[in-house]
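Quick heads-up: structures coming right below.
Each of the next two complexes has chain A plus one other chain: chain B in the first, chain C in the second.
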Partner chain A sequence: MNGCILILVALGLSIVFGLMGIINFAHGIFYMLGAYAGWLTVQVTGSFWLALLTAPAAVGLLGILVERGVLQRIYGTKNATFAGVLVTYGLAIMIPDLVRMTFGRPGKPFAVPAALTGSLFRLGEIDVHAYRVFILGVTAVLLPLLWLLLNRTNLGLVIRAGTSDNLMVQLLGINVAQTWTITYALGAALAAFAGVITAPLVAVAPEMGGLVLIECFIVTVVGGMGTFLGVVAGGLLIGEALALTGMLYDVLADVVIYLAMALVLLVRPRGLFGQEGMSEE
Partner chain B sequence: MKGLILAALVLATAPLYADYTPFYLGLLTEVLVFGLFALAYDVLLGHAGVLSLGHSAFVGVAAYTTGILLARYQLALEPAILAGAVGGLLTSLLLGVLVLRKRGVYLAMLTLALSQVFYYAVLMWTTVTGGTDGLGNLPILHLSAPLGWRLSKRPITRYYVVATVIFLAMLAIRHVLGSPLGRAMRAVKGNETRAAACGYDTRRIKLAAFAISGFFSGLAGALLTVVLEFVPIENIHWQMSGTVLIMTLFGGTSTLLGPFVGAGMFIWMRDFLSKHLEYWEVFVGGAFVLIVLFLPDGIVGTLTRVLARRPPEPAGAPADQLPEPAGLVGAARPASPDGRLLESRGLRKTFGGLTAVNGVDFQVRMGELRSVIGPNGAGKTTFFNLLTGVLPPSGGRILFKGHDITGLPAHAVSRLGIARSYQVTNIFGDLTVYENVRIAAQSRVTHYRFWGRADALALVNQRAEEILHHLGLAVQRHALARELSHGEQRYLEIGIALATDPDFLLLDEPTAGMSPDETRRTAAFVRRLAGHVTIVVVEHDMEVVMGISDRITVLNYGEVLAEGTPAEIRENADVRRVYLRD
Partner chain C sequence: MSPTSRRTILKTLAGAGAATAVSGFPFVNRLALGQQAVKVGVVVPQTGPMALEAQEMLAATQIAVEDINAAGGVMGRKVETVIRDSEFKPEVAKRKATELIEVEKAAFLVGAIVGFEGIAMAEVGCKNDVIVCFFGQNFLTVKGKMCKYQFGNNLTPYQTAAAAANFVNEQKMGKKWHMLANNYSWPQMFERAYTLVAKQVGADWTGVTWAPLGTRDFLPFLPKVAAAKADVVFITTWAADQVACAKQVQEFGLARQARVIHSITELTFAEAAGPGVYENFYSGMPWYWHLKDKFPAAKRYYDRHVALRKRAPGGYTASTYSTVRLLLETANDVKSLETDKVARALEGRKFQHLKGPEQIRACDHVNIQDVYLCRGKAASAMKDAWDFFDIVQAVGGEGTAESCEGEGFDPKKPLSQQI
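Coming up: the complex of A and B.
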């Protein structure tokens, strides 16, 4: 469950890194803004389902603006990948404060949509909440769709080709700049979607982006950067590790995932599903 | 030197401008400590080219070490501060060993994630660290120090004590950056592949940079504890790494004063903006984005670039003929007993389903000049990469002077006396022409020495001078390598290889892209060089190949098609069919 959300956020991070070589520090911001956009939609229209559409759309647009307005200035410059980390880090500092300015410091409560309240059935001692089953279901539907998008469409082909050899793709006359913009926006929209579906489980707050970002880093390192399967496996593993240790021994929950990462690094530096030599530069 | 005097003057007189008020003096002291932190950070970023987001661990471990030693064990100040710095050093070594398996932004991400382990450790170990409340009640004022001074309550005394320590640290860092190790770090930053080919173990060089950075970050962390008399948990949170990154880039990387200016700017923003504006981080973040986009050299970096005028280069026409390379290469050293210097047996390399080199048996005798030719895609460059340890072979063995060198990394191969030049020019573009050659020559003397001036290594300097003279590049010695013409860069390419004083030299298309005149001169130079060192050259220009080679090996589809003297090769029917296509 935790894992589902991690997978959705980490996928965007991983695709953007694979294609553009940029560790997108602003990725957590998109997740947080998605939750706020969702909250705003619910406030205005009262519909959670509408929020599932408006938040990714709005944040996806913002992603286009960030990519066109900021990131495109640094492509091709010396140390572009470093600069990419730096500017997105700058945005990650700025934007939470902008959100605090607009919506205030305290978090916003976000109710579970009426249709999904209550428990669905009991599994032994544990109530299985309808909303959690919903998250599981949505992820189960979304992941195959994303896989199809990346593996069976033209856009996906260009993204995967660009991931392995960007220059060659450009030489083939393919409009890489546009692909990059679309990819970046797609990652942002995905994070925003995850933000909305997380919102009923936590209070919507400006700080929520920072935390998820580091967890996503760990997911991609454990699973292997730039691989679909790796992110899914890493997300499930880390999500479950978080949930389990959280249940058994609360204090250890945060440490366990870092230790898992250190272990993977020592034993298999490229990650569980990472390919040799790829994305290590 | 001018910078140091300026720094000393500013440090000594700063309290004047602060009107001696305790508040400003406290702020100034804090700026200095953070400036030291940023300077230590820049040792890694600006001088070794490694972006770390894990420095919160170094500064944090040090701050807590010093704090715990003072609070629980009432240790005296100096040993407690020193212990903090050592704590930073050890943490950086631990982190460095783990993360240096990766490079670039991936490495940055790992440092961030790993540094958070330390944060959670502090958070969990509440009994000792105070957890989220931080570590307070440090009896700093009551502790005597072995050297006889006490950290007085007076902010002005405290300021001068801290300023002195920081000035000394600055001197030390400056010294290390000018040492052989410091220069090696710059070479690794500029061109890691070439640095490895010159014999530098680039991972260890970067680990050394981590250690230096960790030690001085630790010193800053320890000082922070003493100055604040308190260790807040924020000191070990990853945002501390972000803060030091911002400070360093505000001021400008690779400068001595930039980090201090950056720290001053950041603390000014924090203290003065937050007084008037609740949401000051918007401005810090915004300013940071703008500086990265529009002032990538930072404030001090941009100022020095604008103010510094480089003296005009004396226009020297390159010599018409490169001089005799006598004395350029040392005395011949023994090969294996049968006179073979290098030998490959059944050497193979596959990339996925593609076999680039397929069972090559190859022998070069001492003093020989061998050419390797073959159509495009015949596996010539891959073969070179196998011989020089850039790629590990999929099968077969390589023997050099009778010793098995199969699978050794590039730097180890270079240290045994094998040097190479590259088909695509591969030099240290951001270093001067002289430093390009000097750093290669230095590799034969020392890699890790972090004391003494690199420029004072007489033997290294002498060798670099000789090489530049022989390649006709002496006039351009102060120019940056990337500013040279293509032909000159090709000469420098060979010069770097020669500077490592090899027994065996591999030249990958030395005349690529040269004018006919330059080609002629280069060919003659390589021929004369052959009297002093064993050479294998990959070349496409058949006139050159036939003119200079003792023997020729023809590769086709990764296999040896023929081998013999130029005359034999010219008459070989297989070669004519496959390669010369007539």
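Coming up: the complex of A and C.
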């Protein structure tokens, strides 16, 4: 499960960094807001399935507002990268407190949908539950769709070109500003989707975004900043490292992802799929 | 009308003067007799991940202070709280605690939900000779880490673990024990306690499965727990980790294989997990709101908390109320705010607030009290939004606390004579 969640959240983080050069500390809050938006949808409509649509849509819209209302003001300014860190870090502090003030007590109950409760089959000592299979399945469906979006559409072409050489894309007269907004919103929506599907298994709480963000930064660094395949490989590697260490040698589980990152960076300083020139401006 | 004699005028003036001296103008009287309010300095994380727990604790503090003031205050002086936000950061907690002592002249320091805040506040209180009492667990009860002005009204990790272990033993749940816990210092204190009690009662301690703090997916850790083939699995996690762990342990079906005991929980965690998630799990708590049906004082406190916060109080909240009352009542009894006098009076003090009898043990300042072992209810059995548990058994007494010798103290001497 961890690998799937990390891939979905880290994809947005990686693409936003690759295209816009922003180290987006606010990305974790979209994951958290997705869980809250999902909870709200379930409270109002009783439908988890609707929450899978409304939460990413709502958080995607919020992503547009953040990009247009906040980030666009710092593009092209002196020290834009540093300003981006400060602004997004500020949002990452402010928004969880706003959520606490709005939604009250620390956690919101979010149950597994009735259709996905119970065990499907047994794998060794473990009952494999329908909901975990659902998370795997939905990630397996989403990833090829995202790959197609990035590799077989004009939008994807611009995103990939912008990730490689942003200035050149602008010189070609392409409306980069719009692409940036769409990309940021897409990243936010993906994180929100991950938030909704994680919610039934964890505590829906304002601080949940901060925890996932650290792991996602490691995933993007391990996989290579700004690369689709890198994020997928990084997510699977870090997710599996966490899972296997938990099973085989739990006392190392605290440090294994940092060890994995150090090891990968020693061998490939740009990450597993990072390329020379990409995201290195 | 008869003419007023000189003697009559003098008598009248003398009478008026005496009356003024006795009743006087309230303003003049208060200042003249040094009747400034007694200040209790409170440091809690009003912002950050524990902000709502902090709000609950502030409500409990308010109710306790209202009760004390309604009973005449401390030595006839009104009690006021001065509240500061620790921002969930140790350095801020330290700065704010210092400010409360040096600027606000607080007579007592209370607060701290988690360990690092407690350490910071204890350092300030001990350095400035001000009594400091934690709202969170009392985890510094070891020689070399305590000063004579440091008190903890809440449970110690040892008490909490020993109560759960004794409960398991008394209920004959089995003699093979295991623990699943987050890997940091607080659960490690539980490991030590469980290991010691297991040895005492002849249980087989199969070790601990450690998950990192902030674990989202506990599933990879559960096969190791299952492989231990324990009769009882103690879970020592807190807040979001406990909620995720409870959900996934339920999903994994561990309760079918072993008795699952949360060493300690809070009402807010069960609420965050949702109805039915704690079903069939046992959990330790310093207080649970069902005690209102047993103790009239608990009922009064419950009603006032619900009126104030629109929700049932949790265990830590009730412990907070008791902490504030304990300090102020003791100061009132000894008719002094002098730190040494109050600290000595607290040593060995017996009291009863919201649960069974409690006593501050003199040799280590640990509160000898009951721990309530509760069983989680099915969603369908809940009578209201907070009805997550039923109390199964109160486990307490000195037997659940670590001995003073074990902590490095002389059991025959009060702590104030040892440090």
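Quick note on the criterion: the second predicted complex is superposed on the first by the 273 of 281 C-alpha atoms of A that agree within 3 Å, B and C clash if a C-alpha of one lies under 4 Å from a C-alpha of the other, contacts with A are read in each partner's own complex, and residues count from 1 in each chain.
In this section, contacts are C-beta pairs under 8 Å (C-beta built on N, C-alpha and C of every residue); 3 or more make two chains touch, one makes a residue touch a chain.
Computed from a prediction, not measured in an experiment: that's the story for all the values here.
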Open item on the list: Per the contact definition in the header, classify A:Arg100: touching chain B only (first), chain C only (second), both, or neither.
Closed with: both
- [ ] Go through the superposed model and pick first if A:Pro269 touches only chain B, second if only chain C, both, or neither.
- [x] first
- [ ] For A:Leu40, select first, second, both or neither according to whether it touches chain B, chain C, the two together, or no partner.
- [x] neither
- [ ] Determine, under the contact definition given at the top, whether A:Gly90 touches first (chain B), second (chain C), both, or neither.
- [x] first
- [ ] Please work out whether A:Ile22 is in contact with chain B alone, chain C alone, both, or neither, and reply first, second, both or neither.
- [x] first
Open item on the list: If we overlay the two complexes on their shared chain A, which of chain B and chain C does A:Ile64 touch? Say first, second, both or neither.
Closed with: neither
- [ ] Kindly classify A:Ala243 by the partners it touches after superposition: chain B alone (first), chain C alone (second), both, or neither?
- [x] second
- [ ] Once the structures are superposed on A, label A:Thr81 by its partner contacts, choosing first (chain B), second (chain C), both or neither.
- [x] first
- [ ] Have a look at where A:Met208 lands relative to chain B and chain C in the superposition and call it first, second, both or neither.
- [x] second
Task: chain B/chain C common contact set on chain A - done: 97, 100, 251, 254
Task: Contact footprint of chain C on chain A as seen in their complex - done: 1-2, 5, 97, 100, 104-112, 119, 124-127, 129, 131-132, 198, 200-208, 211-212, 242-247, 250-251, 253-254
Task: Residues of chain C defined as touching chain A within the complex - done: 47, 49-53, 183, 209-217, 219-224, 226-227, 239-241, 243-244, 247-248, 251-253, 268-269, 271-275, 277, 311
TODO: Please give the residue numbers of chain B that touch chain A in the complex, ascending.
DONE: 51, 98, 101-106, 108-110, 112-114, 116-117, 120-121, 123-124, 238, 242, 245, 249, 278-282, 284-286, 288-289, 292-293, 296
TODO: Write out the stretch or stretches of chain A touching chain B in their complex.
DONE: 17, 21-23, 70, 73-74, 77-79, 81-87, 89-98, 100-101, 214, 217-218, 220-221, 225, 251-252, 254-255, 258-259, 261-262, 265-266, 269, 279-281
